[in-house]
Each structure stands twice: as structure tokens, then as C-alpha cells.
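Sharing a structure with you now.
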Amino acid sequence: MEQVALESNAVFIGIEYLATFFCGLSGGLAAIHKRYDLFSILVLSWVTALGGGITRDLLLGALPPVGITDKGFVLTALVSGIIVAIVHPEIDHLKWSMITTDALALGLFAVNGTAKALAYHSSGMTAVFLGMFTALAGGTIRDILLNEVPSILRDKHLYAVPSFVGCLLTVFAARATDHWNLGLNGEMILDIVVVIVVFALRMLSVVFNITFPGAVERRQTHLP
Amino acid sequence: MEQVALESNAVFIGIEYLATFFCGLSGGLAAIHKRYDLFSILVLSWVTALGGGITRDLLLGALPPVGITDKGFVLTALVSGIIVAIVHPEIDHLKWSMITTDALALGLFAVNGTAKALAYHSSGMTAVFLGMFTALAGGTIRDILLNEVPSILRDKHLYAVPSFVGCLLTVFAARATDHWNLGLNGEMILDIVVVIVVFALRMLSVVFNITFPGAVERRQTHLP
Amino acid sequence: MEQVALESNAVFIGIEYLATFFCGLSGGLAAIHKRYDLFSILVLSWVTALGGGITRDLLLGALPPVGITDKGFVLTALVSGIIVAIVHPEIDHLKWSMITTDALALGLFAVNGTAKALAYHSSGMTAVFLGMFTALAGGTIRDILLNEVPSILRDKHLYAVPSFVGCLLTVFAARATDHWNLGLNGEMILDIVVVIVVFALRMLSVVFNITFPGAVERRQTHLP
């Protein structure tokens, strides 16, 4: 079971905490830039870090969601808010570090959300949806609360697309593990490859300014 | 059972797909007008077409919701996004076609949501709420994501009111079917009448600029 | 059981209706100030009064939520919308009455939401989260629909903080009741004290302009 692969391994758990922490930093930083008070900073750190998983659990019916029940993750998100409230001038200088950690979190949450959905016997399509919600909903709720158009719509670079690719690959990785009996270690290696692919897609898009095409541009209309 | 009446009939299923498709067109068009990329167009098509049903299923506890599990509806919503990305100049010319199809979808989703809630043994009041969520939540989520005040609040013409009337009439139709043993065909005819009533109310309101009164206008206050 | 203490007592039930009513007034008033029609006024009264409880029930999995099933509460919320549509000029003059009743509702919903979560065997931390959602989500959804940054983030005075203190104290009150066998009356007195504490914190903050610190202000950065 994917779930087991994820939860039985210290590397994966450590990485998930890291993703939570860095999402929390980015949420808290957004609140600081708007000059909100410490409580609002904590609220935005928490919602950015754990809002994706909460949305996934709501849609799965796994209630109450991990984002309000798991002391480790809640504490991690809140600690990230407190830390960013103190060291925000340094973090502001770390623009590329933030983009990097955000891209890493994107990949980690995509794999994690898809795997949890598969462990709950979701179909492949449903698992892809739930993986994308896990990766994207936290930042989307943050942007809605800040009264901005969410990054998934606004970001010119690839952001939702890498998460989609990652969720799809995670489903294939789980299918391959079952089919060829790859075992826990085999699946873990595949999952790590997926995280790297998502990370690379996102970073390449930002660095080389790669964008996704919009609607087909046509001047004339051909109505009969 | 209402559910059975809806699901056993090819006409109803065809009509529900049509409603999904036209809601998807309108969501995708909104993304194109903001010049978002193809992925954002698909996201908005999907959320506008299926967000209402997802909200209904979340509140009913019917999880995971149809909007992320039913391949037919998901595909219909995404295909509508792809189509509108290509033929948007033509669709922009079809202002009245869009208002017409939107009004049709309003009626169809109101009947569909109310009927599903009744099939889950909801009370009449709860079924009316869930029907209205089905009809209105998709467009509301679309508007929130686009950082606009939702149409249900902003639209000067009757929009939420026809859906309310439609949900109420659907409850009466289900009660009448049970009471007088009207059978599947009888209920279906009543449901079609309800869709027509919602459609007519919405269209008449737009065509003849009929609006709903606001708060009572009074200049003087009479505080003791 | 906390739940029993809340539901078996006429005082508590009366107070909860009052909180619903006053939240409904404030939601309707916001719609009137934007010159929306009567239906939008009712929508905003309902969502402001019952949106917090709906969010709590969604996260608890207590579905369908009370906010669409309980005729008494739904009616109270809608009646508050109708009343404010008529007497809004008077209510506009009652700025301090609104702040006062809003502060009272904040305390009541915090105690109520935390108690319901404990009755569903939530941990203390989860109960605090659910209490805060009950107290704060209704106003937050109202602000999102009105396309404004929610009060929990924007309000310079203490708003989320008193609700947090109230939820925490409610958990302690429940623990104390169990530990020292205080019984129904003992718990009720403790709960009333909690409501008063929340109310006092909020009012003192507004009256004496007490604010919560923001991020640590530092000009220089010390990156190595």
C-alpha cells in the first residue's frame, strides 16, 4: 500500500514536515507583507501549510482532517509562522530559496495527496484530483483570504501543470508497484523520482520563462 | 424515488450532461476574457460546471463527490473548456445563446440537486438548500476565484430567486408523486415543468429588466 | 457531556438563538450597505449567522450540517435578514450595540463550537480549532463573498485572539467538570464565565484600542 510506503519511512515523513514548514513560511511572509498582526500571520501560515490536506480530507470524507488533528503538523505550521515573524527580513532576501522550497513542496504534496487517495481506494482520476487539491488548495485559500486571484490561475509560469503531471505519475508508480511487485523500496524510489520531475518542471518554467499556451488567438469569427 | 426518475431516464441524463457542458463553456469563457492560460481555462470550466454538485455532495456527506469521481461529467466539463478555448470568438458573439443556456442549466441543476437530496432522505427545507447550492455554487466559486463579487449577490436580475422557486417546486413535485402515485412518467413531466418555470423566470427577468426589491428605503430614523 | 449541558438548558439555547440573530443582522446590514436586493440580504444574513456552524459540521463530518437542517436556526437567521431590511436606518445608528452584540456572539459561538466538538470526542486541540471555525467562519465567508479581506485578518483590534482564548478555556472547563465532578450546573457557570471573558477581551480591545503585535520590526538583515 502506497500509504504504508509513505508513512513507514522516516525520509518521507521528514520530507512532508519540511514541505509543511516551507509552505508555512510562504504563507506567513504574505501576511507580513500586508502588515497584519502576529495572529493573522499564524492563521495564514497554518492555512497555507495545511489547507491543501484539509481540502483533500474533506473530499475523501477522512474527518476530522489531519490539519486540525495532527499535533506534529499543526505545530510545524505554527512554528514556521513564528519563525518567519522574526527572520522575515532575511527570508525576503532569499527569493530563490523560497521559489525552490515552494517547488519542492509542490512535488511532495502532489505525491502525498495522490498516495493517500489511492490508499482510500480512489480511482486513478479521483486520486489525481485529490493530489492536485493537496498541492494547490492551501495556496489558493491563502490568496482568496488575501483578496487576490489565486496563483494557480494567475501565475504565468507552470504551476498547476507540474502538480498534474506529478499526480498522474504517482498513479502510474502505484500501478507499476502492484504489477511488477516492486515492493516498498521500489515504490519509494519511483515516488522520489516523481517529486524530482515536478520540482524540475516548475523550476525550469520559472528560470527559462516557459509558459503554457492560452486560448487559440483568432481575430475573425466564422459564424454562418 | 426521485433519484430513480432522474437516473433511469435517458432524456434527463442527456439534459444533465448538456447543463454541465454549457456551465463549462461559461466558466472557460470567463478565463479567456482574463487572458489566462489553457490550464486555467480548464480549471474554471471544471469548477463552474461541477462545483455546485461538489458542494451538494460535501454537505450531504456523499463522498468523494461526483465532480471528481464520475468520468463522464469530468470529461464533459474539460471538453467544454477545450472547445471554448478554440471557438471563443464565435461564442462571444452568442451573448443571448449564453444567457439562454445558462438559464437552462440553472433550472436543470436546481431540479437535479433537490432530487438527489430527497433521494438521500433530506427534509424539504434541506433539499431546497442543497438544490440551490447545486445550481449556484459553481458560478459562485468561479467568481470568488476570479476575485469578483459572485453573481448571486451582484446580478440585478432574478438569478437566485428562480433557482429557489425551482427547488421548492421540485419538493412539491416529489410530494405530489408520492401522494397521488403519479409514477415515474408523471414525476418526470412535473420536473420538466419545473425546469421550464425556472428558465422562464430567469429569461423574463433579463428580457424585461425585472428586479427584486432591496431594503426598505427610509430617510428618517425613529429611534426613541 | 458538554453537549448535554448546552442542549438541556433553556438559557443556553436562548443565548444561541440570540447569537444567530445578531450575526444575521450584521450580515444583512453589510448587504444593505452595498445596496443589494432582498434575496442577497437574506443570503448574507444566513451565511453570516450559520456559516460558522456549517464549517464546524463539515470538518466534524456531522452531515448534513445544522445550518441547513435545523428549522429554528434557519428561520432565526432569515427573520434577522427581513428585520434588518426594514429597520436598517435605526440599526445604523446603533454602532455600539452592533459591536456589543457581535462580541457576545463571538463568545457564544466559541463556547458552543468547542463544546460540540468535545461531545464528538475530538481532542482538545481539534476542539479549539472547531470552536474558532464556529466563531469566525461565518463572518469570513461573508467577507469573501463581498470581495473584502476577512475581519479575522484585517481587524486591527483583538478579534480572533479572544475567540482562541475562549475555545481554550472551554476545553479547560470541560476537563475541570469531568475531573472534579462539577455536574451540569457547575459546567454551565464555567461556560458563562468563558463567554464573559471573550466578550470583555473583545470590548476592551475596541474601547481602549488594544492591538496585537505584528512581525518583529527589523531594518538590517544579518545574512552571512
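Order of writing sets the labels: A, B and C. Residues in every chain begin at 1.
Everything below uses one rule, namely that a residue touches a chain if its C-beta (ideal position, glycine included) is under 8 Å from a C-beta of that chain, and two chains touch if they have at least 3 such contacts.
Predicted, not measured: the structure shown is a model, and the values here were computed from it.
Where subunit A touches subunit B, the two copies mostly use different residue numbers: shared numbers make up under half of all numbers in play.
Matching CA atoms, the turn from subunit B to subunit C amounts to 120°, rounded to the nearest 5. Averaged C-alpha coordinates give centres for subunit A and subunit B that are 31 Å from one another.
Multi-chain contact residues of subunit A, defined as those touching 2 or more other chains: 58, 61, 144, 147. Of all residues in subunit A, only 58-61, 122-123, 125-126, 129-130, 140, 144, 147-150, 152-154, 156, 160-161, 164, 211-216, 218-223 touch subunit B in the complex they form. Residues 31-32, 34-41, 43-44, 54, 58, 61, 63-65, 68-69, 71, 74, 84-86, 88-90, 92-93, 144-147 of subunit A are the ones touching subunit C in the complex.
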